[in-house]
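One structure is given here, and the rest of the page talks about it.
Naming follows writing order (A, B, C and D), and every chain is counted from residue 1.
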């Protein structure tokens, strides 16, 4: 494995996700294992522009595998969307002697990386760090498993009180353009219905099922992705149609972004972090490292963001069957 | 211990709280220990009126000590607020042969119990089951410790993402008339400020502190009790005054009512459940069993609900000192 | 989908695993969805022999998706290993009118099912319910994801105290013949070394790495699978070789079998439960339903138990790289 | 509040406990609030002897309130038990300009502090940091509430598998000379029996109760404190006497020392940390700050360690009643 890469830069960008720290740790330690230097870039692309660099050694990443958030912090950068901003970032990066980048983030992060990699001669590998699981080229993104478990834990608690009061709860989880959090966590909590943006939100069908459904069922949980039918609006519709139900709305919100990563997210982040560094050393660039069917695969950045994941139809059918 | 009581009825009423099941278990098993019969009344006073009774034995309460919610379900009863409703409830209870009641709940539950106990000849003992900790006559109510830990867990997660993005988070916790959840969980998460209804909500003071405070502090958590300044309104004020901050609002909502009770809540519920039955056998009535300074004490129901708990001033000062 | 199956029996057998209840729920509800009757068989094969049958309806499986253990209970049956025992079980099952079986368990359960299916004319589908993840024909078994998260949570706690005291901890996790729990949870906690039965336990290599390794690393976690080098024996070796270390041994034990299932385990159990019933209706028999690369696949029972899963070599290498 | 104290030293010593970091944070921030300097002493008394000092500012203690362990690390020091060792520690401390100490720990820590305070002219205040809750002068020690919740969480998991298999589990929790962890967590899990060193371990009574007890109870949990009858020895006795039971032993071990502190432990640590600094400024010395009946109280160090806490008899009776 011969390579001209001597110093790697690593940054996290966009919305944070649990497991980003495990990914940083893996990138740093793998780089050191291969005798490379590593520079941490704080606050994503914004920090690259502003020159927020810190040297990373083994101790920089000790005892962080279990922490939510990102020790490098993250931000959304307006400036990086301009040619001037990107030029400045490139100059700063070059001044540090960084000759390859690992960027951890989602959609927006990879869009920026793609343009940056086209404009300037610097190899970049992306790692899928987002709770939304909306990237093509990896079965799961880093943070998704934690987010669905956080949602499930929260809804388990709400189920306790829903059961005690025979209430209908409409629960909104994250996922603006993507219903995967709602879908899997909804199955996990035994939701009576799940509304996601990928399928035409079938409110009449939901109302019909509530009408003909079991009368003896004491509580009902309806999971909605934030990008779909608004939870509060749906709440109004249900209250009007079923005034005898005690209907409540709960928005889980930002708890879904934080917390200790699950084992799966830690292992995923560790594997992909190793793969990113080894990929750069093998000469790869402008790709995302993902895990497909248990194996590391590299996908061009523009494929990763353009191709929407299909919703698993069999999962939707399971909801119908099991929520009887 | 001689007594004419042979059959005890138990119900949970009002908002549910974690530990209610542990209390039910303790009441049932203690009654059986003293060779009494026990009838569970479902859905609180509403179930008493409607005759929803179930016999309870040892197995009825097996393996429930760790569960949130209440296996007897709970409700708020309009009918019980009328003399006719209460008369009907009394007749149903008498028809069952129940000669004493244990009611688990908060303010509204005890108000109902007091009137009922005055109108009819039936001894009643209340157990403080509410997450709000707003009853006089017990250091802590059953469910409070769990609720503050749930809030702390949630805010710990939010802190992860707040830190990663250098954000200000305004977090609303439960407690309409009572800031004790906000106060203790706010200290627990290291909140930069805590706004509660008991103290004149000092928004100007908060804004001043934010202005002169540390500039190097990356994230800020402001805890507000739902009964105080509205979280969303406060968010608007802060956004206007500090437009450079990235300010978000999060309402924790109903997760605070559910979940496995903490050890403290289970032990408290167990002790008070035993005390309630023993208290009835000793001839006590129209009192709440509470734990004061580690000892079981009985407080007249009207005292328990009329006397507001004072906010511990020393806790408020701690926030000022530690949030530096 | 035409079928002569009218009544399905379901049992759980062998060591319990989190998610078994979610599987039972899915089997029962899917059967009801397809207008079949369902009989629960308690205590596995032992209960079949002894005639411990209960009718299952929608309510029997309400609110169990989140519970550890198995509501049908489980057992290991000596009697079922004899032809007489199996004959008795068959007669009991037939007397109930059961014409197909779903069995949830691991190795031993499927061995029994295979013999039973050969001796008697009853279609059987197995579901992989074991924390060990040691079955061929499914990427993950039901319970594995929960078990590794439980192990990770426990070791995170131990890491806190290990760090505070600069200690070496040898931690034994479950997995008599299979190191997959140790491997993945070990990566998840950032273990310095992982010893599993699948690889020749290389104690000299471990000792060498400890000798030449970083002196500045304050704590060390060594994960061992129970089936490998004994944790206590290894502790003695390390204490003798490195007397200046404060070395401790901790056996995680039975906590790994219990607890609320993770979202992944609930979704997996739900999908496979649906698949089992639909598989029976499609005429499948003597197979295990598993999830391979995100899709339901059926594998003959004897394949599922005979073919050992290979240890992912890339995971072992990751430990070497990241534990620097 | 006039005082000659300008620089405070803080150390943690002995076994670590969850909440120590919250106490460190509170001491540091309170000292800064009162314009004092603060020096952290690493590894307890051992670090004082070896001169392991670090300056503490607001950022040193940012984002640690939720972390288990102690960022200052801890150790048991042989050298500090000699006059020479203590002299060396004093010289080092004086060389740093430290003129008062806060020591966080238990029995051994306070014994050392007492001797040190007698030999040298330096005011010391102790904070009760131990999971055992075995100090007089405070209702609860910092870490106890977390430890009992960790034990309860673990046993809840074990109960899942115990129930599924109808097993008897003997579970050993920490507490060499003190059964308070076993007692309260035992009540919390609904243990069938609790054996603690404070009461003559009544094995015959336990065996008798098991013999005459309910036959229909499927699982049994027996909690034992490590200082009492050995768990494994007790396991042998029960196996011999009740060979038809499937009896298992589980030692919870070091997980009880770690983990995120509960809200109660964080609030307790915060209050006592503030009190320690304010106490020093008020001229107090050689005392422990504790919380008695909700109020901060100071107790002479030798009282805190010499007077054993009495076991609450009413708690023992509760076990008898509820484990029916």
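Methods note: a residue touches a chain if its C-beta (ideal position, glycine included) is under 8 Å from a C-beta of that chain, and two chains touch if they have at least 3 such contacts.
Because the structure is a prediction, the values reported are computed rather than measured.
Visitor: Farthest chain from chain B, going by the mean of C-alpha atoms per chain?
Guide: The most remote chain is C.
Visitor: Counting only Cα atoms for the centres, state how far chain B is from chain C in Å.
Guide: The answer is 39 Å.
Visitor: So, what's the distance in Å between the C-alpha centres of chain D and chain C?
Guide: About 36 Å, centre to centre.
Visitor: Distance-wise, how many Å sit between the C-alpha centres of chain A and chain C, to the nearest whole number?
Guide: 28
Visitor: Give me the residues of chain B that touch two or more other chains.
Guide: In chain B, the residues touching two or more other chains are 156, 159, 163.
Visitor: Which word fits the touch map of the chains here: line, ring, star, complete or other?
Guide: Contact map by chain: ring.
Visitor: Let me make sure I understand the interfaces: which chain pairs count as touching?
Guide: A-B, A-C, B-D, C-D
Visitor: So in the complex, the part of chain A that touches chain B is made up of which residues?
Guide: 12, 15-16, 18, 20, 67-70, 73-75, 150, 154, 156-166, 169, 218, 248, 250-259
Visitor: Contact residues on chain D for chain B in the complex?
Guide: 25-26, 29-30, 32-33, 58-59, 62-63, 65-66, 139, 145, 148-149, 151-152, 156, 159, 163, 184-185, 187-190, 214, 216-217, 260, 262-264, 266-267, 270-271, 274, 293-294, 296, 312, 314-315, 317-318, 321-322, 324
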